[in-house]
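Below you will find the structure I want to go over with you.
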Amino acid sequence: MTAFDAIRAVLIIPALAAGLLAALPGYRVTSRINVVASLLTLLAAGSLFFLARPEPGSYLFIDDLNIVFIVLNCFVGFTTSVFSMTYIAHELETGKLTPVYLRFYHAMFQIMMFGMNLAFVSNNIGLMWVAVELATLSTVLMVGIYRTPAALEAAWKYFILGSVGIALALFGTILVYMAAQPVVGEGTDAMVWTVLIQKVSAFDPALLNVAFVFLLLGYGTKVGLAPLHAWLPDAHAEGPTPISAVLSGLLLNVALYALLRFKMLLAANPAAISPGPLMVILGLVSLIFAAFMLYRRRDIKRLFAYSSIEHMGIIVFAFGMGGPLANFAGLLHMVMHSLTKSGIFYAVGHIAQIKGTQRIADIRGLTSTHPWLGWGLVLGVVGIAGLPPLGIFMSEFLVVSSTFARQPLLAIPLVFGLLVAFGALLLRLTGVAFGEPTGSTAPARASYVPMYAHFLLVLGAGFYLPPPLVSWFQNVAGLLG
Amino acid sequence: MNGLSFDVAHLLAGGLVLISFMMLYQDRLYSLLNIFAMQAVVLALAVAWQAFVQDAPHLYVTALIALVLKAIIIPVALHRTIERLGIHREVETVVGIGLTMLAGIGLVALSLLLMLRVTIGVDALAREDLSFALCVVLLGLLMMVTRRNAVSQIVGFMSLENGLVLAATGAKGMPLVVEISVAFSVLVAFIVIGVFLFRIRERFDTVDVGALHRSRGDSE
Amino acid sequence: MSGAAIEMSAVLALLGVAVLALVLSRREQATAIVYGATLVISVIALGNAAMRLIGDPAGVSDLVLPFGLPWLGAHFHLDALAGFFLVVINLGGAIASLYALGYGRHESAPHRVLPFFPAFLAGMNMVVMAADAFSFLFSWEFMSLVSWALVMSHHREADNARAGYVYLVMASLGTLALLLAFGLLAGPQGAYGFAAIKAGTHDPAISALVLALMLLGAGSKAGLVPLHVWLPLAHPAAPSHVSALMSGVMTKVAVYAFIRVVFDLIGQTSWWMSAVILLLGGITAVLGILQAMLEKDLKRLLAYSTIENIGIIFVGLGLALAFRGSGMGVAAALAFTGALFHVVNHSLFKSLLFMGAGAVLTATGERDMEKLGGLIHRMPQTSLAFLAGCLAISALPPLNGFVSEWLAFQAVLQSPQLPDWGLKILVPAIGGLMALTAALVAATFVKTLGIAFLGRPRSEAAERAKEVDMFSLTALFLLAGLCLIGGILPGLVIDALQPLSQALVGSRLPLQSAEPWLSIAPIAETRSSYDGMLVFVFIAVSAAAAAYLIHRLASRAVRRGPAWGCGFPEYSPVAQYSGASFAQPIRRIFATLVLGASETVTMPPPGDTAPARLTVVVVDPIWTKLYLPVTGAIGWTAERLNRLQFLTIRQYLSLVFGALITLLLVLALWP
Amino acid sequence: MALILDLLVQGSQMALVLALAPLLTGFVRKVKARLTRRQGASIIQPYRDLLRLLRKEVVLAQNASWLFRSAPYLIFATTWVAAALVPTFATGLYFSWTADLIALVALLGSARFYQALAGMDVGTSFGGIGSSREVMIASFAEPAMLLTVFTVALVAGSTQLSTIAEVMSSSHVGLRVSLGMALFAMIMVAIAENARIPVDNPATHLELTMVHEAMILEYSGRHLALIEFAASLKLLLYCSLIACIFMPWSLASAEAGPVAYLVGGVVYLGKLVLLGFALAVFETAIAKMRVFRVPQFLGAALMLSLLGTLLLFVSRTL
């Protein structure tokens, strides 16, 4: 089998699974099928490493950049499916979900995986746009799945803002096509990324500039950059926790990936504005804004949603800075954040189920009552706050130090934001994990495997990055320019 | 390409912008819907003309969708929604109509300013189309943010999308145009259904701050 | 196996113990196993480091591990400086483990202490070993993190939670400052290795900025005013053997960081920088000891006195920097030696005192001195060891505290040769501050010992106190003995320190072991000399002789009788002088201006039998003037921004719209 | 042989201070009595008191601890060692380098430390008052003393008393403002440290005014004797310190031979008489001040000494 089959497998397995899951009743079977399908997808994705790269087709292709995203995507998708087995079982018992919705949920989960994988492997900016929209719509439906007023409102907000974002992104895409068309010629080729990146230097800079603004805002809405972030906290807070995990861990990455592709295009055109400054500014704004917003949060899932905004800010900032060090740091940070944040959401999901609330004020002393969950949360928050020995420390180290050496004035707000966010996260953590326990002390019926699997990976990365991974990251960092 | 085709395309595109302004001007929902239907018709014409000029038959599908869905079905659906939900008939504006118009003119100026930087290398038709499309998009957005009713916001969104379709069809030989327009129609349909299902009466602001305080863990 | 390799394997072993502790932390015998293991490992590491320091001080053994930054690897090294601080760390670690073998058995939640204690030791060792920016900061923050976990070990008390919070936030502020400093030193290419940094040249502006950042970073960990606020909260919150490590040893790791960067990495500095350090040090010393004097919580008092000692150490370092900058080699060596000597001393007697406080805590369950008293009868050995600690920290001969104090004063007396007038005038003034500090320290520890151990018990708990176990006592007397040895054989320590001073300030003091009668004469005997050994012998002999003669020739009769109560027959222990009343004169004189201390007396009206009240308020001006405003500002901003959480969709859309229009405008107006 | 001789000289000095101390106290008392038109006790009365006390039994408070009992010996020993190390009739004695000026101050400090602790041991309020006030006074007196030491040491370029004495007696020092200030400061400190009027009154037993006496209120018998002895040793120490620094005339230098030593000894006695007389006059001339005015008195000393140190730099290059 060639890599192309692997790519197709990555797309087809979820699609088939979606159909199957939509048809089958019964949660035991479906949830297992869900896991199996995700596992198969992961295997297919993993095989991409070892198989020879095919020539990029006009619709699908695989290169150093997107393989990172695909593998990460499938991995987190797999662990999430494992996590959602226990989680959804509990939701069924408490009657928050009915079997019908459960079927729907599993189908949607696979469709979303399909959409995201498609977005990654698509070599065609039009196709990529469609895929992103598909992924977004499927998550919208899942966010509203509880049908409480808050959930519906969150889904609605997500839907409207998302649609506007989609529209802007499309306009940007059209502009890129317009820019490409005179050089590349009419037809599909003018939308094939691999072709564009070769010829982009000849494109009309003015068109590219306008295009980038629309793309930045369009896909930036999905990345959750302030001030386009509004949908993100509520969508995380009101949807089922597995979806929160996937949103933070994956969907933001999808949009980020799209953004990066176009950044590379623009960077390759000498006459166009350099995308760096815009991204740096948006990143800083998001970071500092989110850092302050963390202080007044009362809902634990919304808290971590805002921390996702904060970290997306850091990542976008890093990519905006550019250069081998910063890009490396950005990639590393993205991977680490996906793993850590989804792990945190696994923990939070179980915690919320045990305590029967998401109000931070009602959750206390977890390390005493539920040591595994409590210390897991501590580990995750410590990691997300950028403390060693977890992986994010390394990326933050690189971002801050390299920035301060190049642009001291940019490093000050960066450090300020980091510190403010740290203060808020630690404040909440102290309340939740320590102190006199409150609420139910019933033992958790949860599988800690996904959570601790993520944390162990991040922990390992904090100590030691395997050389192949490193050279590969450096390679990609080089691609990003 | 010969002058005539250019002029016609130019005329139609300009017509779209004009109609966007008319929509901004309206203060009654029904007439707003009618004018939107009119914009859809003009869009359909423009798309059809492009199909004819670029002799790209698949574009006729897009034109047809525009005509059937946007000019007929959705306006009717919205009419019925308004009656069912008893939404009262005035367009609630955030800022005065006049101010909105001024802002609109500013937007038009801005988009022209942006597009005039584009080199003449790109063929003139595309260039004009783009600048007009940008105007329509921006005006649609402006409408969304200056109107309170859900309905008029949807209308704004759809006119924004009209702008997109215009741009897409204006871009010569752009693939996937049909698919994209279909996808968008689905989106719009979702929105309309959403409005209808969720009984979103006056505005998207159903859940005001007070409601948030109740429904979210984030209140003081 | 090279020195560095042995040291790092010790670190790995410690981490292994930590994991082991995680596994069996809830077992009964876990305490003995873990602390036994840490004791052994620390002793090995101690021996290794000491051999490096004495055996071949000039040599450097390097070690590169395939961890950390991929393209750089994790660099570790063991040179004289590292060796010295490793000795301090592992000595403290070993004795703390020994102490904990007994003390740990009283721990309420051992599973919250055992895993982190070895990790804490490992972290401190790693910081000192690290030879590149990444490994350094990694270990540094790791150290902060595990010590935070230890502070949170008694997390159910709300104060501890707050303490842990303030501590970790301040710690990460420090880490970020260090991060920026190393970012500057490493440059855009990211040359993070210490060797590379040292090789590179840094222009004055950069090195000034780095120094400022180091004062922020290392100062916040060491407890330099105004970054000291976390220290009196966090150190007491931890279990006592950990408090001993945090106060006695971890602050020294911060000092190490400062020395490593300022003396070793950035090279030459200009005079006003040392002036800044001197001022900060002097202010820190006085403020710290004043607050200690007014404190009634035994462990917090010790924490404040740590701040004071850090101040003295930084004064020493500032002097060394000033002299080095003015090319006065011997004077620089003198000041530097004094500072390092004080590092050793403080680590010894502060550990001793904290462990003594721990013993009191186990025996009585009280930290409030106003509830103690009379312990000298019930815990005589502990009291004796604690007395030794108090004498040492009050810089009284013949114990070690005096020697470093003496060296510091000798260094101050070199100031007239300074070429720069500002320093000429400043240094004696700082000397005055140090003299004031010394006097206040003595006063403070008279109070501590007198209130907590002497007099009559002020509470039930104090009456029922019992002497603590053998392990604790051994540890206490070990430290007391070391304090004495350091005091009577200072020459050996000074000689051991000379390689460092040679390496870092470029010159050394004459060989002390050559001096007659084990005396020390850092510059010349005609200038100044001191002989701890003889002083000790003289005092001992004359005291013993006096006692012997009197008992022999005069009388030895003793009769017990009631104390003279000014006519009152038997009156309650409450009537004794309390700590607050003991401190009152000094509070009125000094604290009124410095700490805004205020008394309010509420007298009941005549005829009313209600008691009169005297309430004393002492506020740390730095907390109210510096920290509260900052936190307030953050809260205010958060409140304002929080409105954005509750907008309507239309308003959110207008945000998007606004962003779009702004960017388009920028584009349109782009040149 | 030479070594033994040196040791002899050193030993004789130690014996000398021991012998002279009560005499000085007695002399001062006698002069004070005479100045107030009283007959006054004999000049050797202090010796008698000491012997009497030594022979008496010790009455200990019920809860006096080992610290309370060992403190007097330590106080006595430290003070004696300190006193013995100050050049009296000759400089450069064999062990003179054992402790320099700073170490002397510290030795006196430790004596005070033990005394304050002993005061708090029994747990009466008087002990508390005494110790608390003692450390308060010390917190001014000690820095003032150290700064005076700085001034002197900066002039002499040494903290070694013998060296200082030599430099001071040499011609090129001359008269200096800062030295004058140092002298004044040291005298004020000496007054405070020796619990003399106006800071404290060794004769009073009115509880509320006493400082030094309050600390030793519980002491009796040999313990009291030792403490009294230490007190008079301290007085002697300060006198000979002032003498050695500010009037270092005809101090015999090391190995100067018996004749020089003899001359030195006689001159030394003269200095003591002078200082003792001055002290007595001063004490009779003024009244005791309130405890909370003491800080102002000693604060003045502190300021004087600091000014002295700083003025050095403007006065003349060193």
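Read from first to last, the chains carry the letters A, B, C and D; within each, the first residue is number 1.
Going forward, a contact is a pair of C-beta atoms (placed from the backbone, for glycine too) under 8 Å apart; a residue touches a chain by one contact, two chains touch by 3 or more.
This one's a predicted model, so the numbers in the text were calculated from it and none came from an experiment.
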Joint neighbours of chain C and chain B, given as chain labels: A
Lowest number of touching-chain links that must be crossed from chain A to chain B: 1
A-C against C-D, pair bridged by the larger set of C-beta contacts: C-D
Chain whose Cα centroid lies at the greatest distance from that of chain C: B
Centre-most chain [mean C-alpha coordinates]: C
Length of the line joining the C-alpha centres of chain A and chain C, rounded to whole Å: 44
Chain centre separation in whole Å, for chain D relative to chain C (CA means): 35
Rounded Å distance between chain B and chain D, as computed from the means of their C-alpha atoms: 100
Inter-chain centre distance, chain A versus chain D - centres from mean C-alpha coordinates, in Å: 79
Residue list for chain A, restricted to those that touch at least two other chains: 156-157, 160, 164, 210, 296
Multi-partner residues of chain D (at least 2 other chains): none
Sites on chain C at which at least two other chains make contact: 645, 649, 653, 656, 660, 664, 667
Pairs of chains found to touch, sorted by chain label: A-B, A-C, B-C, C-D
Chain A to chain B touching residues, read off their complex: 126-127, 129-130, 133, 137, 148-150, 152-153, 156-157, 159-160, 163-164, 166-167, 170-171, 174-175, 177-179, 181-182, 186-188, 190-191, 204, 206-207, 210, 234, 237, 296-300, 302, 357-360
Interface residues, chain C side, partner chain B - complex: 645-646, 648-650, 653-654, 656-657, 660-661, 664-665, 667-668
Footprint of chain D on chain C - complex, ascending: 373-374, 376-377, 380, 383, 387, 391, 394-397, 402, 405-406, 409-410, 412-413, 416, 421, 424-425, 428-429, 431-432, 435-436, 438-440, 442-443, 446-447, 449-451, 454-456, 517, 519, 521, 525-531, 534-535, 538-540, 542-544, 546-547, 550, 554-555, 557-566, 573, 575-577, 581-586, 588-589
Contact footprint of chain A on chain C as seen in their complex: 66-71, 133-134, 137-139, 141-142, 145, 152, 155-156, 158, 161, 164-165, 168-169, 172-173, 176, 179-180, 182-184, 186-188, 190, 192, 634-635, 637-639, 641-642, 644-645, 647, 649, 652-653, 655-656, 658-660, 663-664, 667, 670
Touch list for chain B against partner chain C, complex: 94, 107, 110-111, 113-114, 117, 138, 141-142, 144-145, 147-148, 153, 203-205, 207-209, 212, 218
